[in-house]
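Notes follow the structure.
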Amino acid sequence: MAGLRRVPEFLVIWVPLLIASGQIVVFTAWTTWLSFTPSTLMPTDGFVGLRNYTSVLATRNWKIAFDNLLIFGSGFVVLTMLTGLVLAVLIDQRIRGENVLRSIFLYPLAVSFVVTGTVWSWLLNPGMGIQKLVNDLGWSGFRFDWLVDRDMAIWTIVVAGIWQSSGFAMALFLAGLRSVEADLIKAAQIDGAGPWRLYTRVILPTLWPIMIAVLVILLQTAIRTFDLVRALTGGGPGIATQLPSLVVYDFMFQRGQLGRGAAAAVLLLLTLLAVLLPYAIWKRVQARRAANA
Amino acid sequence: MSALVIRDLHKRFGSVGVLKGINLDIDDGDFTVLVGPSGCGKSTLLNIIAGLETASSGEIVIDGKVVNTIAPKDRDIAMVFQTYALYPSMTVRQNITFGMECRNVPKPQREEAVARVARLLQIEPLLGRKPAQLSGGQRQRVAMGRALVRDPKLFLFDEPLSNLDAKLRVEMRMEIKQLHARIGATIVYVTHDQIEAMTMATRIAVMHQGEVQQFADPETIYNRPANVFVARFMGAPPMNTVPARIASGQVVVGDVRLPAPPAAAGWEGREVILGIRPECIAEPTRQFGEAGTPGIRIMAPVELTEPTGAETIVVLRMGGEKVLGRVAPDIRLTVGATAAFAIDARKICLFDPQTERLIA
Amino acid sequence: MRSPAATLGRWAIHIAIWGLGIAYLVPLVVVVLNSLRSAEEITQTSMIGWPHIWEFSNYIQVWSTYCIAQTCSGIRPYMLNSAAVTIPATLISTLLGAVAGYAISLWRFKGDRWIFGLVTAGVFLPEQMRLIPWTIVLRDLGMTNTIAGLVMIHTIQGLSFTTLFCRNYYMAIPADLMKAAHIDGAGFFRIFWRIVLPLSPPILIVTVIWQFTHIWNEFLYGVTFTTGQQQPVTAALIALSAAVADVPQHGLQSAAVVVAALPPLLVYLFGGRYFVRGLTAGAVK
């Protein structure tokens, strides 16, 4: 359409859009390029092929971080969705004080991961948190010391993550539950379906597109998790709760190995793409199918 | 002088042709209705006339000026939309004056114009309201007010009545027709509703698959449809079209023989398509036309009856072919039995079975 | 009339959901209570407990005199830093995003789909991919360790979200409305000011709340691009935890956490409806 030829319009539209999109393209290319250079403290030219990648992948740090990501990612996503679903179904039962409850389950989302991590580090600290309280109440044998247990520490991050994100899953699931056609429910009730069958056979199956969306969003949250670990465990005990995003930061700004840091960042991006690309393709197929139908 | 001329207009989206060589010549004061099924290109054509879409080729001439490259606001047109398209955040008054505001018309002049239009459409009490506070019919009026206030060379209506309920639609139909009679404006009106086309238009352009099938006055469109598509699209229930043969100056459908019109002479012995309107098949006592000519009597089995109250629609077998007839409501017909009918053969149409064009 | 079993069932559901609700509130309650207890009291018992003596002075101390990383000015300067970053970045990115979203959704132009796709890719691009480039850009612009630098970063990156939100909202504006405006002779800016912007408050509130909470709560850029007195409050909180590690000061720390979390919580409290709408809008991209 004619009309975009005038200068002020041009400036207002294109300058921000070009900066925003250019930043994304240029920065991605830039970091990718750095990952092939021998850069250490400062970016330097030169080409070292995949050497940064092989050395990052060979470090114990990265291996632990990636294993942790698998544990954390699956634990966090599955349990958050499950919690969110339970909350949504319970709230869907015409509960007294529904609005208050919704607000309660959602408030953690307004809080920063730094705050969440800090508060949970206190609650889970065996010396002063839940364990101490239960011990002081008389059950002296009670132990809840995941925070200082190398094998269990990663689950503290899962717990805090669930607390923070399950409200999000709940909100989306609840919106989905509420948008199920009333006639569908009436039909099922006339067919004689009880509450359990009504949910498992009629209502929940309509939720699966939302479930996939929630799954993808939670997965990408998991892959990008940084602040929460910094505040909750600092990556410890030792390096027991390292995650790839922390490893990137560590290489770049603690050890001064920009090339390797960039390589780790690219690996992080590839992990993310492994989740997002199939989703994007699936969405495309869905859209096309809807358009053809 | 022509208010609007469209010359060999084409519109393609990629390789798909949406409009394939449209030619129309619309006179000053004409109420032209573009009618056709959805997807026939009528709305695209209207948008191109308005300048909201560009043509792939061809010319649009408004009031003697080629306007292809002229912006909508400078084409001296006004448009009324199906969804009314009232600016939700503005009052009725602001909706009507927004165009003048854009053209920097001085305030007193705007007020005067609003007052004139509001009086004409009887929407004075609504001027301070927001669109959300109006009923469907009121919104429709305001949308027309916004168009009228411009006093344009050309009014464009894009299915303006299709969002109204049936009763209101009939009322607004009459009002628009009266308005046209009163102000004598040139109107191009798009609809998919053939009744709107028949009742309001002075000229009708029937469109199908990106082409104008016929461009004529309503009576011609109805009685002498240019092809089978127009015949079946205009009129409800639609014209019956059945295979027939011309033999010794007669149109033969099974055992039914009707006198063929003189123009069918060249078709002696050949297959044709017979078009006959349902109202030309009636109860045996009916007399047709001002002269009160009795019809041709036939006997036909009745398959189904649909009483509408004012009349009864009958599905019958005329010479073995299934056709619709319209009989008086007090005629008792038994489904499955054979009954007598009168056929008005004066208005039958014959079409070429290959090209589907009107022969006679 | 409900059967006794159904009544029992409803009781069970209510108890379950309210039990969970209380559990979700525990961290908030614990930290608020701790912020009103003295360090000694916390050390003697546990983090979880009712204050014996209400220690309101924690807040005064942590606000203005407490020492974080050698500077004894409390948490106030960091709060002000966060505000100085968050408020301008939120407003600018929302305004630019609204115009960009309007242009993309209602004015077709060459390459609009491409540019929109690229801009929204920013929603997913991890921060780690941008850390080094931003470091260098900030250095070359002489904006290292400045509030203005963080404002710039958050404005530019926020555009991905604000453009996406506004574009999706404006897509719902009927095509006929735009046609009517064209015929009335309104141009790009007039349509924006007179027609689109008056329809926008719902999405602008959503966008502002989203941007505000995200920028306020952001940590990685804050800790990477600023040091010492220039840091936003999230980074200061981490520095504070490190500082008190040797001598536990959990009462003060809790007060700091409460103060730092307060602005986004207040926004949530007053704009909860829009906050949730932002979440769902962000999810259905």
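A, B and C label the chains in the order they appear, each numbered from 1.
The rule is short, and it goes like this: a residue touches a chain if its C-beta (ideal position, glycine included) is under 8 Å from a C-beta of that chain, and two chains touch if they have at least 3 such contacts.
Worth saying up front: this structure is predicted, and the values here are computed from it rather than measured.
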B-C or A-C - the one linked by more C-beta pairs in contact: A-C
Farthest-lying chain, centroid of Cα atoms versus that of chain A: B
Chain B and chain C, separation of their C-alpha mean positions in angstrom: 57
Inter-chain centre distance, chain A versus chain C - centres from mean C-alpha coordinates, in Å: 16
Residue numbers of chain B (touch at least two other chains): 71
Where chain A touches two or more other chains, by residue: 3
Per-residue overlap in chain C, given as positions that touch at least 2 other chains: 187
Chain C residues within the chain A interface of the complex: 10, 13-14, 16-18, 20-21, 24-28, 30-31, 34, 42-43, 45-49, 96-97, 99-100, 103-104, 107-109, 115, 118-119, 121-122, 124-134, 136, 156-157, 159-160, 163, 187-189, 213, 216-220, 224, 234, 237-238, 241, 248, 250, 253, 257, 260-261, 264-265, 267-268, 272, 275-276, 279-280, 283-284
Sites on chain A touched by chain C in the complex: 1, 3-4, 6, 8-9, 12-13, 16-21, 23-28, 30-31, 34, 43, 87, 90-91, 93, 95-97, 100-116, 118-120, 122-123, 125, 128-130, 132-133, 136, 163, 167-168, 171-172, 175, 213-214, 217, 220, 223-224, 226-227, 230-231, 245, 248-249, 252-253, 258, 261-262, 264-266, 268-269, 272, 276
Chain C residues touching chain B - in the complex, by the definition given at the top: 174, 176-177, 179-187, 190, 194-195, 198-199
Sites on chain B touched by chain C in the complex: 47, 50-52, 71-74, 77-79, 81-90, 98-99, 102-103, 146, 158
